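Next come two complexes built around chain A: one with chain B, the other with chain C.
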Partner chain A sequence: MPKIFIDDRAVEVAEGLTLLQAAESVGIPIPHFCYHPAFPPEGSCRMCLVEIEGLPKLELACSTVVKEGLRVRTMSPKVVEARKSVLEFLLAEHPLDCPICDKAGECKLQDYFEEYGLFKSQFKEAKEKREKKFKLGRNLILDRERCILCTRCVRFLNEITKTEDAGILNRGIHSEVGIFESEFIDNNYSGNLAQICPVGAITDTDFRFKTRVWFLESRESICPLCSRGCNIIMDSHAGYPRTLPTRRVYRVRARQNLDVNFHWICDYGRYGYAYLDEGREDRLVWKKGDRETRLSWDKAAQILSEKIRSLVHLRKNSRIGIVLHTNLTNEELFLADRVFRKGLGVEKLFLADPPPGKGDEFLLTADRTANRRGLQEVGLPVQAPDLKALSGLDLLLIFGHYLAAGTSPSDLKNALEKVETKALFASHKSGLDGLVDFVIPVPVIAEKNGSLTNIDGRVQPFVAGLSFAGDGIAEWRALLDLARELKVEHKYFSRLASPEAIYRALRKEIPFFK
Partner chain B sequence: MIKALGYFLEIIKGGLITVRHFVTNMWFHTLKVLGLKAKRRGAVTIQYPEEKKELAARHRSLHRLLRREDGKPRCVSCLLCVTVCPSECISVEAAEDPDSEIQKVPAKFIIDLSRCCFCGFCVEACPEDAIRMDTGKIEVAEYRRADLIYDLDKLLK
Partner chain C sequence: MSSEYSSSLRRKIDEVVARYPKKGAALLPVLHLVQREVGCISPEEERFVAQVLGLKPMKVREVVTFYTMFLRRPVGKYYLQACSNLSCSLLGAGPLLDYLQQKLGIGIGETTADGRFTLSTVECLGACEQAPCLMVNFDYHGQLDREKIDRILESLE
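Up next is the complex of A and B:
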């Protein structure tokens, strides 16, 4: 491992790193625009200049590889002077758009100007006028005045999506990002372009003008929309200012995880967040005929466990059915197994999932649920929900609203009418609501704690990024409450009071989760 | 005894001061009413609302939104006033302007005057000189709270 000196600090760094990466690895940031960890160095922005002892000129930190004994200065007066000039040149052609630019607040150009700026403009000429609303992609708008020609977008399209739709056209002052043949960029990963553009040149029509970034609070989560389990950041409204529209999530961004999704997410996951607020179940109700009574979960748990207890007492375990789905966390699937199958001897476990979609070769998988692998590893023996089997039951606990999707409404209605008691634990409204006796709202993955196992068997814990309002209950809590009411293995379940505790038990009992 | 006399002396002195002010003010007030010596101020109560005091040039009164030459609002929905407002009483929703030079226009612009503390920060923050508090209207009172919520149309008037 070569030993180098950065600002007089001796550091040992891995072979083959560039100076910029080496400095970053020891916590010394070097300003840059064109460098992006996903691509080889480009060296077009000149922002990363550093001084190397013994060399007459400043060097690019992003494309100089470390060598034993290099002495680097990242903040010497010469370097600062050079960075100021680089910025000044960039700003000579940059519009004064910050007040109306979506990137403001997270724009590197703005940040570096804050750090190095306050120079007097020496530019007397008028700024060049360029196109400000070029349709770059299905959901992308390019502002050519704001573009600093870092080519990150071009490299993304060449190296990640390999669609090679765009390039830098023309030369000198006329250089601009342009599209070659297609009408505009249209692929399932185009949303990443707005995220990697270091300035506000590429804006995302989904987010454009909706709010300002400083009103948003970023919370980490995991995308539940396919089995890849991409790591994401949800930018949600933090409650200030009070007067903004009451939308919770304004955008979803990729969070770096080199083992799962690198720096990217697909557009299906990026723009598919409307489900968080739309069509949510919000009232816990008990329906008797036409009458709907609102009740608390505690009360509902009592009634349900009373029914379960009497069936178990009469040795009618075989007349209890549970419908599960694979958007439940590892912890919840594990609890479902331990409470119903092992604890109560319920054999009829069904699985009703949303239908698969079309996957692509990169991140998006065909399986549109988050935790099918988890279900396999927990080892729950589940069967397809055959309506005939369902109709022969006395009690049915349905988790998820997916049962309504696969079957014809009238058949489902006929089948469920024969079942004496039906309880639905669902996050979203569906055709099932009218067919069951209890509707119990539950949180979605973004609103609870737990872990998911992705398609490659990677177990990813997550915490709630959004709060769950309304009178529902998280499934893991509901399962524990039922176990408590039914007095199944009190000693065992009373220890499992949180998703973390459940996960500890899971790790102990199932070797896969070790 | 001497002490008590001292008290009386002070009371009489105070009374004389009051009488002096009364007589002087009455004298100037009478002159003013008769139209003589209007310049010299007596300590006279302004007969509001019949008579109104002139507002200082920098007085902060009811907000207004300014227009461009072609009549469109100057506001570009940058939300900087929303950001700075300590009372959280402004809410702005942006829309796309067909003119790509302008880009952002307010689709909604609401100031909830029942919360506003008239600090004037919104005016200071605005990069477009789109909002001012120079209407001179200080009687912003209503019978219903809802009437204190000013929208784009009301603010552009």
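Up next is the complex of A and C:
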């Protein structure tokens, strides 16, 4: 490991790192535009210049590789002056329209100007006029006046999607990002371009002009829309409750995880966030005939436990059925197994999931649920929910609103009518609502704590990024409450008061989760 | 359409492509061959070249727009490129260019209605010793004045 000196600090860094990476690894950020960790150095923006002792000129930190004994200065007067000059060049042709630019507040150009620029413009000439609303992709608008030609977007399309749909046209002052004729960028990863453009040149029509980034609260989460489990950031207006006709989430962004999704997420996951706020169940109700009564979860838990208890008492365990799905967390699937199968001897465990879609060769998987691998590893024996088996039951607890998909509504209705008590734990409204006795709203992944196991067997914990409002209950808590009411293994379950505690038990009992 | 390109052009392209380890490396010489046959590189030609070399059309477009010698639109029978760089300008290229425009009745970058002449300006033609100068298709004409321009145009008539 070569030893180098950064601003007089002796540091040992890994062989082969560039100065920029080495400095970053010890907490010294070096300003840059064109460098992006996903690509080889480009060396075109000149923002990363640093001083190396013994060399007459400033060098590019992004493309100089560390060498034993190098002495680097990242904040010397020469370096700071160079940064200012680079900014002056970039801003000479820049429209300075931050007040109407979506990127303002998270723009590298703006941030660096505040830090290293702060000069008065010497530019007296009229600026070049360029296209400000060029349609670059399905959701992408290019503002050619704001573009600093860092080519991150072009390299993303060359190296990541390998679709090569964009390039730099012309040369010199006429250079601009372009596409071939009107062959817009249209692939399942196009949304990443707006995220990696360091300035406001590429903006996303899905987000454009909807809010300002400084109003947003950023929370980490896991995308539950397929089994890849990409790491994401949800940007939301924290103060907005779900019940108002406003949305909470304005944007979903990729969060770096080199073991799962690198720096990217797919468009399906990026733009598919409407489900967080739309079509949600928000009232816990008990229906008797045409009458609907609102209920607290505690009351509902008592009624349901009573029914379960009497069936178990009469040794009619076989007339209880549980429908599960694989958007439940590891903890919830584990609890379902412990409470129903191991605790109460319920054998009829069914699985009803959303139908698969089409996977691509990169991140998006055909499986559109988040935790099928978790179900496998927990080892829950589940069967397909055939209507005949369902109709022979006395009590059915249905988790998820997916049972309605794939069966004819009238057949499902006939089957469920024969079941005496049906409770539905669902995050979203569906055709099932009208067929059950209890509707119990539950949170989505973004609103609860727990962990998911992705397609490659990676267990990823997450915490709630959004609050769960309304009178429902998280499934893990509902399962614990039922266990308590039913006095199943009291000592065992009373210790499991949180998803973290449940996970600890899971780790102890199932070697996979070790 | 690509089927319209002559078999001799295709043969020449094959020969050029064979000289390079990677097909894509033959992009510049192939563009020259196509331009010589077709007269310009329009989107259709870009698609054709991309397909022949196994490239995305955008890669071809980047190269075509970078180099000013690739013509993106058809030009007249005679393509006049007047030098507008330093030596020529010092020796009167400016007024001569005005004269050319006025005589042909077109502006820079335009083609006469009869499709005979296209006028453009170029940076240094590399013949400063002959300044001011002009290229007509592939022929150089130097030490220009109004009379010489009249004579050249007449000879082309």
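Quick note on the criterion: the second predicted complex is superposed on the first by the 506 of 514 C-alpha atoms of A that agree within 3 Å, B and C clash if a C-alpha of one lies under 4 Å from a C-alpha of the other, contacts with A are read in each partner's own complex, and residues count from 1 in each chain.
The rule is short, and it goes like this: a residue touches a chain if its C-beta (ideal position, glycine included) is under 8 Å from a C-beta of that chain, and two chains touch if they have at least 3 such contacts.
All figures in this text were calculated on a predicted structure; none of them were measured in a lab.
Chemist: Of the two partner chains, chain B (first) and chain C (second), which one does A:Glu181 touch, if any: first, second, both, or neither?
Modeler: Touch partner of A:Glu181: chain C, not chain B.
Chemist: Is A:Ser498 contacted by the first partner chain B, the second partner chain C, both or neither?
Modeler: The answer is neither, since A:Ser498 touches no partner chain.
Chemist: In the superposed arrangement, does chain B or chain C reach more residues of chain A?
Modeler: Answer, by number of touched residues of chain A: B.
Chemist: Where does A:Arg171 make contact in the superposed view: on chain B (first), on chain C (second), on both, or on neither?
Modeler: Touch partner of A:Arg171: chain C, not chain B.
Chemist: Scan A:Ser44 for contacts with chain B and chain C and give back first, second, both or neither.
Modeler: neither
Chemist: Quick one: classify A:Lys133 as touching chain B (first), chain C (second), both or neither.
Modeler: first
Chemist: Which bits of chain B are touching chain A when the two form their complex?
Modeler: Chain B reaches chain A through residues 76-80, 82-83, 85, 88-91, 93-96, 100-101, 103-104, 110, 112, 127-128.
Chemist: What does chain A use to touch chain C in their complex?
Modeler: 163-171, 178-181, 183
Chemist: Spell out the part of chain A that touches chain B in their complex, as residue ranges.
Modeler: 99-100, 131-133, 208-212, 214-215, 240-245
Chemist: Under the definition above, what is the set of chain C residues touching chain A in their complex?
Modeler: Against chain A, the touching part of chain C is residues 43, 46, 56-59, 61-62, 65-66.
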